[in-house]
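A, B and C label the chains in the order they appear, each numbered from 1.
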Amino acid sequence: MGSRFRPYAWAVAVVAVALSQVGAQPPTLRIGAIVPLTGPAGVSGQFMQKAYELALEEVNRTGVLGRRVELIVENDRGDPPTGAAAYVKLVTRDQVVAVIGGLQSSVSIAVAAQARQRPVLMAWTGAAAVVVEQALADADWFFHYHPWQYHNADSTYRFIRSTGARTIFLAYEDGPFGSSAVDEARAFARQYGLEIVAAEAFKTGSPDLTPLLTKARGSAADVFLFVGFDHDVIPMATQARQLGYSPKMILGSPPSWPVGFEKLPAGNYITGMALWVPSIRHPASQRFVRAYRERFREEPSSYWAPLAYTNLITVAQAIQRARSTELGALVQAMRQTEYDGPIGMRLTFKRSLYGRNQGFTRLMAFQWQNGRQVAVWPEELAEAKLAYPAPWGR
Amino acid sequence: MLRIVDLCAGYGPLPVLRHVSLEVREGEVVCLVGANGAGKTTLLRAVSGVVRPQSGEVWFQGRSLVGLSPAAVVRLGVSHVPEGRHLFPELTVRDNLLLGAASLPEAWRRVQDTLQSVYALFPRLRERERQRAGTLSGGEQQMLAVGRALMARPRLLLVDEPSLGLAPVVAKSVFRALVEINRQGTTVLLVEQDLRSSLRMAHRGYVLENGRVVRSGTGRELLEDPQVRAAYLGV
Amino acid sequence: MDTFLQVLAFGVLRAGLYALTSVGLALAVGVVGIVNFAHGEFLMLGAFLGYWLFVLYHVDPLVALPASAVALGGLGAVTYHVAIRRVLQAAPLNQTLLTFGLSIALQNLAVVLWTGDNRAAPIPYAHLSVALGSVRVGLPQAVVSALAALLTVALYLVLDRTRTGKAMQAVAQDRLGASLVGIEVDDAYRLAFALSAGLAGMAGTLLVMQFAVSPYMGLSFTLRSFAILVVAGLGNVRGVLPASVVLGLAEAFVEYYLPGGTGWSEAVFFVLIFAVLVARPQGLFR
């Protein structure tokens, strides 16, 4: 591995020496990003990479502290040790002023362990697992953009409450992802006056969910809440239609939706939770979608794109505000962030349950309507009304 | 018909056969005798392609057998009844027999005739036709092994220790069948520990010791050879 | 009673899917004696083939079946020739490492070619169902199960009624004996391995109708197939069908009738394997 990168490192060294001797340009300001460009989350990571590119062009139009920003993107491949090694490399060899990026919780934990030993400004987009929050509880240099799991849950039940539904059948995959959702489910449901009539675990990857769906139909709950991964959503949606299972709402919140789900007839009227969808009614979001589309000739169909864009822009603004790259000053400047960006909700950093600097704390809801993710909640971002009860099969 | 010249063979670096030469003429029953570990089985295996010779020549009807796969050797007309029989235990007796011919287009064309002649030779196999081979008695399994080899319509039959583990009466009937097979025109190269019965039915014989041919002659000559009698018959 | 019949139907349909994904593996284990950990990746490649044919050329997965059988069968033959053949005499651990490595290599190749995304093929009839009296079953599942039964029975017929099939059985039961009756053992192995891969490919293509396609989809099917093989008796191709039925029904009934049972279905599986290995290591159906 190391030997493969050696020629590249030599090239960098030669160029660096040449530049310093010429002394023609002020040194660039280096920011490191750790992103999974390959592996299970590779697609989301590639959305991030493109959004960073977009943000970088914008930042370098004016520069920061009179210098050009250089973004060094490291691929963590969804592999914790790779992510940890990338952090060390960025901080020691590249001497970056801030580390941004981040997607999976598992990688985040590995990176956190390194960051505690060599802290720099860490503006982290990823991880929803509370263990990451706990691992970095007292770190005032850690700024977290993505909502934590309990924020997700809070938004989910608040949204369900807003529809007028009263009862929920909760189906959750029996791994860490689903189990953590069920732990807090009853408390949140109670808080919003909802009743979970039954909670049933299933095995992720199971090709046949018909017994589960038949059980859910028997419960006659208003809402079928499905906590599974993207590959589970397909048999769930398809088999629900086969069985003629028609609750008032089917709500799923996989980390991402399968490619092509929009074309699945059985997917119509299924509802989901997300940090962002392209259809929200918000000027900054619409500007971002247009710019992304023009630059890359494709839709920014994942919320990781505007999140990464927000990430780099706000870090650059904070450095500018701090007028220094010294860590204490950067932290102070980050805390003053007030950014109305493409996500559609104002970004500020506040204390969370364990953490010091938490960014977004709310998800929005959308419904698949005729092949599009239509924003339906909260009202100020909604593009159209939620079809409730869902007119299945029509 | 079969001519072996200066053959060396073995397993790994360890030689078992050292410069063995022998000959089998058309229509003969030739018997190969010797103690355990003398190299008799290895010799048959080297002929049928199961073991690759280290050096030397093996000629069958003017064609070299060295380097051929066992299947290719069968196609040339040499069938090998291996020690331990190596039947297909889960298949029926009939299927075992049919498989003896199934991979050889020429034999397959005449498979029904051959099957009937094998049944004539071993009527017990006809009775057990639908039984799985694994459920047969030892003697019946030996008959099946010989029958299966005959299904290929070989010109030369290599038979390895047919009497091993069989009651004397049963062994005798197997030998009788081999004589009958030879009478019908198939040349036989037989490896046996039972010297008396095998040399009695053989036209000629070779004695192997430590991988070398130490004596040869007609069956009668060898049976009467005092050294052979002392070494192998305990007389 | 209606519910009972409905759950019974779920179990039977699931059994069809399991049989289809396992029978090829049973053939490889039974004839070649190789525990092929890359079986699930052959299935995955068959699924991608079906997916792309559908998405790019609107070829229905059912129509794509022959293409998938040929393509994966060919890949199986090549795999045998290049890799498997060389470890036939090696220690079982080496064989396992080889097929395991192959599995990871194919998985990563798929990630490089098509990313790690889960993909849905919008098959227009995927969500339809057919009613048999009071019992309602999904159309794709019914089709898959029918084809599974058909392919499995066809394989049994090939093994039992054709000379080639008999030769494969012979090779499986006694390699030396088979070579001495003129069977080219290498050819028989190659054919069995190609058939095994071809069956996996067809299973994968059929899965496109009701399941997400991704480079990682193979593993869960490989694991289930191993469980079925243990219950059937390792290498016992004929036991695959009854073993699949036992597991399909057991799972469906536990999932429906036990409170919280959906999470327990995996346990059913492994309890059964455990019981079989302890009480009847040769398999339930041998």
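In this section, contacts are C-beta pairs under 8 Å (C-beta built on N, C-alpha and C of every residue); 3 or more make two chains touch, one makes a residue touch a chain.
Since the structure is predicted, the reported quantities are computational estimates derived from the model, not experimental observations.
Taken as a graph of touching chains, this assembly is arranged as a line, each chain contacting the next along an open chain of partners.
The leading chain pair by number of C-beta pairs in contact is A-C. Distance between Cα centroids is largest for the pairing of subunit C with B. Averaging Cα coordinates per chain places subunit B and subunit C 43 Å apart. Our note on geometry: subunit A versus subunit B, Cα centroid distance of 75 Å, whole angstroms. Computed from the mean C-alpha positions, the centre of subunit A lies at a distance of 36 Å from the centre of subunit C. Subunit C meets subunit A in the complex at residues 3, 6-7, 10, 13-14, 17, 55, 111-112, 115-122, 124, 126-129, 136-141, 207, 210-212, 214, 216-217, 220, 252, 255-256, 260-263, 265-266. The touching residues of subunit C, counted against subunit B in their complex, run 163, 166-167, 169-170, 173-174, 176-185. Of all residues in subunit A, only 38-43, 46, 171, 174, 199-203, 205-212, 214-215, 229-235, 237-239, 241-244, 256, 258-261, 263-267 touch subunit C in the complex they form.
Interface residues of subunit B facing subunit C in the complex, by the touch rule stated above, are 48-50, 69-71, 74-75, 79-80, 82, 85-91, 95, 98-100, 102-104, 148-149, 151-152.
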